[in-house]
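Given below, in the form of structure tokens, are the structures.
Each of the next two complexes has subunit A plus one other chain: subunit B in the first, subunit C in the second.
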Partner chain A sequence: MTAATRSRLDRLVFLGPATALLMLFYVLPVIVDVAIAFTDMGRNLEVTRVTTENVARIFGGDRRLAQVLTNTLVYVVCTLTLFNVGYALLLALTTTALPDRAGAFFRSVWLLPRMSPSVVYALLWTWVVAPTEYGLLNQIVAGIGMPPLDLKSDAPMLVVVLANGFIGASFGMIIFTSAIRSIPQHLFYAARADGANGLQIVRHVTLPQIRWHLSFVTLYQALSLLVSFEYIWLITDGGPFYDTTVWALYVYQRAFTSGQYAYGAALALVLVAAGIVAALVLWRFFDMRALLQRPRIEVS
Partner chain B sequence: MATVELDKVEKRFGEVVALEPVDLAIRSGEFLAILGPSGCGKSTTLFLLAGIYAPSAGEIRFDGVRINEIEAKDRNVGIVFQSYALYPHMTVAQNIGFPLRLKRVPIDESKRRVEAIARLVRVEELLDRKPAQLSGGQQQRVALARALVKEPQLLLLDEPLSNLDAGLRLAMRGEIRRLQRELGVTTVLVTHDQIEAVTMADRIVCMSKGRIEQIGTADDLYARPASLFVASFLGSPPINLVEGTAEDGAVRLGERSFAANGSGPLPQRVVVGIRPEAIRLGEGPIRGRILDGEPHGREWIWLVESEVGALRVVEPGAAPRHRAGEQVVLGWSESLLFDAADERRLQMPGPVPS
Partner chain C sequence: MRRPMMAVLATALCGIGLALAPAARGEEIVLKMWARADRSGPLRAGNVVEAAHAVNAWLAAAKTGKTVKVEVFESPAAGFDADALELLKACAVGRCPDLFVASHTWIGEFARSGYAMDLEDFVARHPWAFSDVIPVFWEATKYRGRIHAIPQDSESRMIFYNKDHLRKIGKDEAFIESLPAKVASGEFTAWDFSKLAQEVVQKGAAQFGLLHRPNVGPDYIMTFAAFGVRLLDDGTGKLALPKKELGAALSWIEWNAKNGVTPRNNTQMSWDEIQTAFKQEKAFAYHHGVWTLPEFQLGDAKGATWPKDRDGYFKKIGWILMPAAERGGKPTNLSHPIVYVINPKSPNADLAALFVAQVTLPYYNTKHAVSSAHTAILNGQASMPAYRDTWYLQEATKLLPWSTFQPAHPDFARYNQLLYKALQGVETGRLSVPQALEFLEEEASRELKDQFLVIG
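Presenting the complex of A and B:
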């Protein structure tokens, strides 16, 4: 076998399976989605004509979309900055500064929601914010002599952000914790001897050292928040009215609840496009290329 | 420049005792070396001085003032780590200027001081590079500049030369010594390399297993070691240690008996230390046979099986004067006598063949 054939064969062997999976689970669904988006497919899966109606509806016909878009932005930006990155970073910084065992304890507490089934977790939140006096929050509120609250009606987006944030923070926390742990201890010692206090060490040593991890978590979590809706669906089901309906949930409602498959497909297409754009923007903004280093092992 | 005192300072990490209570006084402007094998507590001592570790017991004083409770950032101590610990995301100039930036020194003054110190350690050409683009020796100089730029009252060096190649190490030894003299800063150098300690320091603290074995000049440690440990840690090739017994004022080594040189009672079991360079081949009453020889540039090291035991002998001269298997006679002019039980040196000269 010549070196050239071998090299070609290796390429096939190493890249083949990944490419096949990518095709099957990513490219193919997108193609199917595009195809359906330009038809009039409904619940009976019947296609009678090819049309651009669905796309036109997105750009003007659907008056709810403005609200859904705003909800999505509020939901993604708030959950991401407050919890998935902000709180995760705070947790990682504080728990790595604690003695090992105490730090591990607090991290495990924040991992618990991640380990419980979604439905159980959602039910838990339903109970926490339940408007009756049996809700956990209202039991506390009653304890300090205030009238019961109905957060699910009065501040539904807050409930949605909290519920997603409590579970979402653990991902960043774990990544940031291991990133902080892998910073050579001597850098912290040097900073202290150079005259830095705790905050200055975070700002001048820790954050610059974990900036690739920050970019990665931001990028990855932004995209997963954009397409996730299961907790919203379980806790508020997008309500009251459309107050907590985010784009992904709206896609689901149109397609599967109302049976407008074709319109749902067109809406999903926007999500795909948004995802690609977000990825490209973040890629440029954070110089993600540096994250994907040159290979450490060579395959000839 | 500061004087430094350690008063019964002790450091434990949970069960591990890294440093047993030690007393140490460092003079103002002195260059002190802490010498000892890996794991003996040298870095721990240094980190205690820097304020990176807090002592488990005892008191540390700078200029007579207790500083136990003063944080590292407020001690005005410059430290160079074995790994250099340069900030990878900062340029050389930013690394050196970091201590000044934290002190809110005005930008132009900071720039001036960074450039001045960079010239002093000869890295003024490298100010715009990142640490990853520097060689080990250059990183070492930058780390030194960062430690010196804030004009510390105490300079701490943790094995600063151990990652350099031999030539560079030689050059940097002189350079650090020169800088220290120029600045007059009280300096503590940690090293496991006796040559470094001997050539650079005014005084040497020899440590073993978290204890100070001896404090003194290089000559004190070499000629009058307090213990077997100090005797065998200093000197290259290492001192010959021969176990013997003492009875009726005589010391018995192997098949030979020697008159004890001093007065006073001798312990039953003794160890006699004979420096390889104190032994003469070809003259003396002890018989032996050459087992092996190694050339070491301008000298030869011979391994001799003698009546008193196996001995290493240094003989000057590039050409070998013996060969393996040859019968020789030998003697020595001085030796050290230790108590085998507590491994301390006895206050009397060791036996010499007459």
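Presenting the complex of A and C:
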């Protein structure tokens, strides 16, 4: 066997399985989605013609999309900034400042929602914000003499952001905790010696040191939120009316609740495109290439 | 070495022998059935499974050497609409069962797609099974004028009202007991009912005036029908939006939400919250169906105890039809028949149809009716001892003359989702009535295309 043949065989053996899986589970579904999006496939999965009607409907015919798009932006931006990055960072900073055992205990508590089945977690939220006096929140507000709250009707997006945020914060918390732990201790000692207080240490030592982790979590979680809808579906089902219907849920409802598979596929296509654009913009904004470049020095 | 090999060989031969044994005894025909896992009707499939005993006894007596086994796939779908969509997908990829259970509103879609057998001639050929079916139910099984399914059950929907609340606000017994008759005659209207419910709430007898279902379904179609809404245009066979009538119905819903009769967040409440509120007497009225009596109204459930006997129950709770919109108008009831459908492409289609004929007999259907609190599909069932002794079914049967049905149009399920959204929009204050009508017109025109028309 020649060296060239050997090299080609090695590539096939080592890269082949991964490439095949990538094609099967990532590329092929997009191709199928594109194909369906340009048909009239309905409830019985029959295709009678090829059409651009679905795309035309997205760009001018569906008046619900403006509200759905706004909901999606509010949902992604609020959940991401307030919880998946903001609150996760706060948890990481506070729990790493605590003694190890206490910090580990609080982090475990925040990981519990992540370990719960989605349906159980959503049911708990449904009970918490139930509009009657049986709801946990209303039992608390009744205890302090306030009238019952109905967050699912009066502030449904807040419920959706809170429910997703409390479960989403754990991912960033773990990443940031490990990042903070890996910061060389002498940097903190030096800052203390220079007279920096706690907030100044966070601002000038911790945050610059975990910059790449912040960038990664922001990018990864933004893309995750863009396509996530299971808790919204389980808690509000996108309502009342369309008040909490985000794009991904709208895709699901059109395709699988209404049986409009072709229109759902076209909507999903927009989501794929939006995801790619968001990824490229954030990649550029955070200069992720610098994060992934080869180290300039080799430590042996 | 040789002994273990012999043991393995012997075991393998025994296994093959056991596997082939039924074939050696005779041919086994497996009938595949699809039925939604539904605690309100396990015998929809259970009866077909049981019918196999009788069929196998006949086959054995005739020495055919054949047996029939019914295999049931219980779909975990949340409702009949979701179930129908799953079934359509299964059929599209060649996994269609021999027979299945469906809501009558989906017959059109199944027939159009070639998954529902034309049973017109079959029904005519088997009067021993079908001649006693209450004629009105055949109307709910037709697609393009021909029978494409067999009625499996029927039901009666009503507004339950709490008589104790009326006593608390000072209404006399004569008024309380006369309500059902006044509603039936059209003397007591939907607006009269709203004013009464408002009075109950304002005088502090109940927290809520009227609660209704929190998801897509048939109950509000019954409400719309009382306002003269006809969702199917008889002339063209298309789904219709009668703007004037539907506007009136939505105005009634809006008035109820604005005046404390129905909570604005009714559609955000869970079934459990709604039913518990009614059972614990925090709600004056509740719009649903007769099967909720054994489900939670009678006896201990939802944190309260109500009488189980007829007289005790009716001393506390009364039933009325959905009152007419105007004095002298027609009140409504709504039946949502579930049906058996035969897959015409199945090699066992004829056998499946005979199984359905068998389970249409009073013995089987009465077992389902009594155990699930659904009303009869056969005239003769009223005299079956088990049915006769179930007092709430007897009472519910009296409401059937006012029955209406949802349109059996292939696109009705999608239209119904839009109707529910419009209702929710109005009730929660997100939409005014004109905006809701505009929403419906725009969405339905776009989605249902030439199968939809606007009236008025």
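Assume the second predicted complex is superposed on the first by the 287 of 300 C-alpha atoms of A that agree within 3 Å, B and C clash if a C-alpha of one lies under 4 Å from a C-alpha of the other, contacts with A are read in each partner's own complex, and residues count from 1 in each chain.
The definition used in the following text is that contacts are C-beta pairs under 8 Å (C-beta built on N, C-alpha and C of every residue); 3 or more make two chains touch, one makes a residue touch a chain.
Small disclaimer: the values here were computed from a predicted structure and weren't measured.
S.K.: Using the superposition on subunit A, tell me whether subunit B and subunit C clash or fit.
M.R.: fit
S.K.: Taking the C-alpha centre of subunit A as the vertex, compute the angle to the C-alpha centres of subunit B and subunit C, in steps of 10 degrees.
M.R.: The three centres form an angle at subunit A of 150 degrees.
S.K.: Identify the partner contact of A:T132: answer first if only subunit B is touched, second if only subunit C is, both if each is, neither if none is.
M.R.: The second partner, subunit C, only.
S.K.: Once the shared chain is lined up, is A:Y189 touching subunit B (first), subunit C (second), both, or neither of them?
M.R.: First partner only, subunit B.
S.K.: Which of the two partners, first being subunit B and second being subunit C, lies in contact with A:G239: first, second, both, or neither?
M.R.: second
S.K.: In the superposed arrangement, does A:V272 touch subunit B (first), subunit C (second), both or neither?
M.R.: Neither: A:V272 stays clear of subunit B and subunit C.
S.K.: Given the touch rule stated above, what does A:P208 touch, subunit B (first), subunit C (second), both, or neither?
M.R.: A:P208: touches subunit B, not subunit C.
S.K.: Counting touched residues of subunit A, say whether subunit B or subunit C comes out ahead.
M.R.: Looking at subunit B versus subunit C, the one contacting more residues of subunit A is C.
S.K.: State whether A:S153 touches subunit B only (first), subunit C only (second), both chains, or neither.
M.R.: second
S.K.: Quick one: classify A:N197 as touching subunit B (first), subunit C (second), both or neither.
M.R.: Touch status of A:N197: first partner only.
S.K.: Check the superposed model and tell me the shortest C-alpha distance between subunit B and subunit C, rounded to whole Å.
M.R.: Least C-alpha distance after superposition: 52 Å.
S.K.: Find the residues of subunit A that appear in the contact set with subunit B and again in the contact set with subunit C.
M.R.: None.
S.K.: Touching residues of subunit C toward subunit A in the complex: what are they?
M.R.: Within the complex, subunit C touches subunit A at residues 82, 85, 88-89, 91-93, 109, 112-113, 263-265, 267-270, 273, 276-277, 414, 417, 421, 424-425, 428, 430-431, 442-443, 446-447.
S.K.: Going by the contact rule at the top, pick out the subunit B residues touching subunit A in the complex.
M.R.: 47, 50-52, 71-75, 77-79, 81, 83, 85-89, 98-99, 102-103, 146-147, 150
S.K.: Which subunit A residues qualify as touching subunit C in the complex?
M.R.: 43-46, 57, 61-64, 126, 130-132, 134, 150, 152-153, 236, 239-243, 256-260
S.K.: Can you check the complex and tell me which residues of subunit A touch subunit B?
M.R.: 184, 186-187, 189-197, 200, 204-205, 208-209
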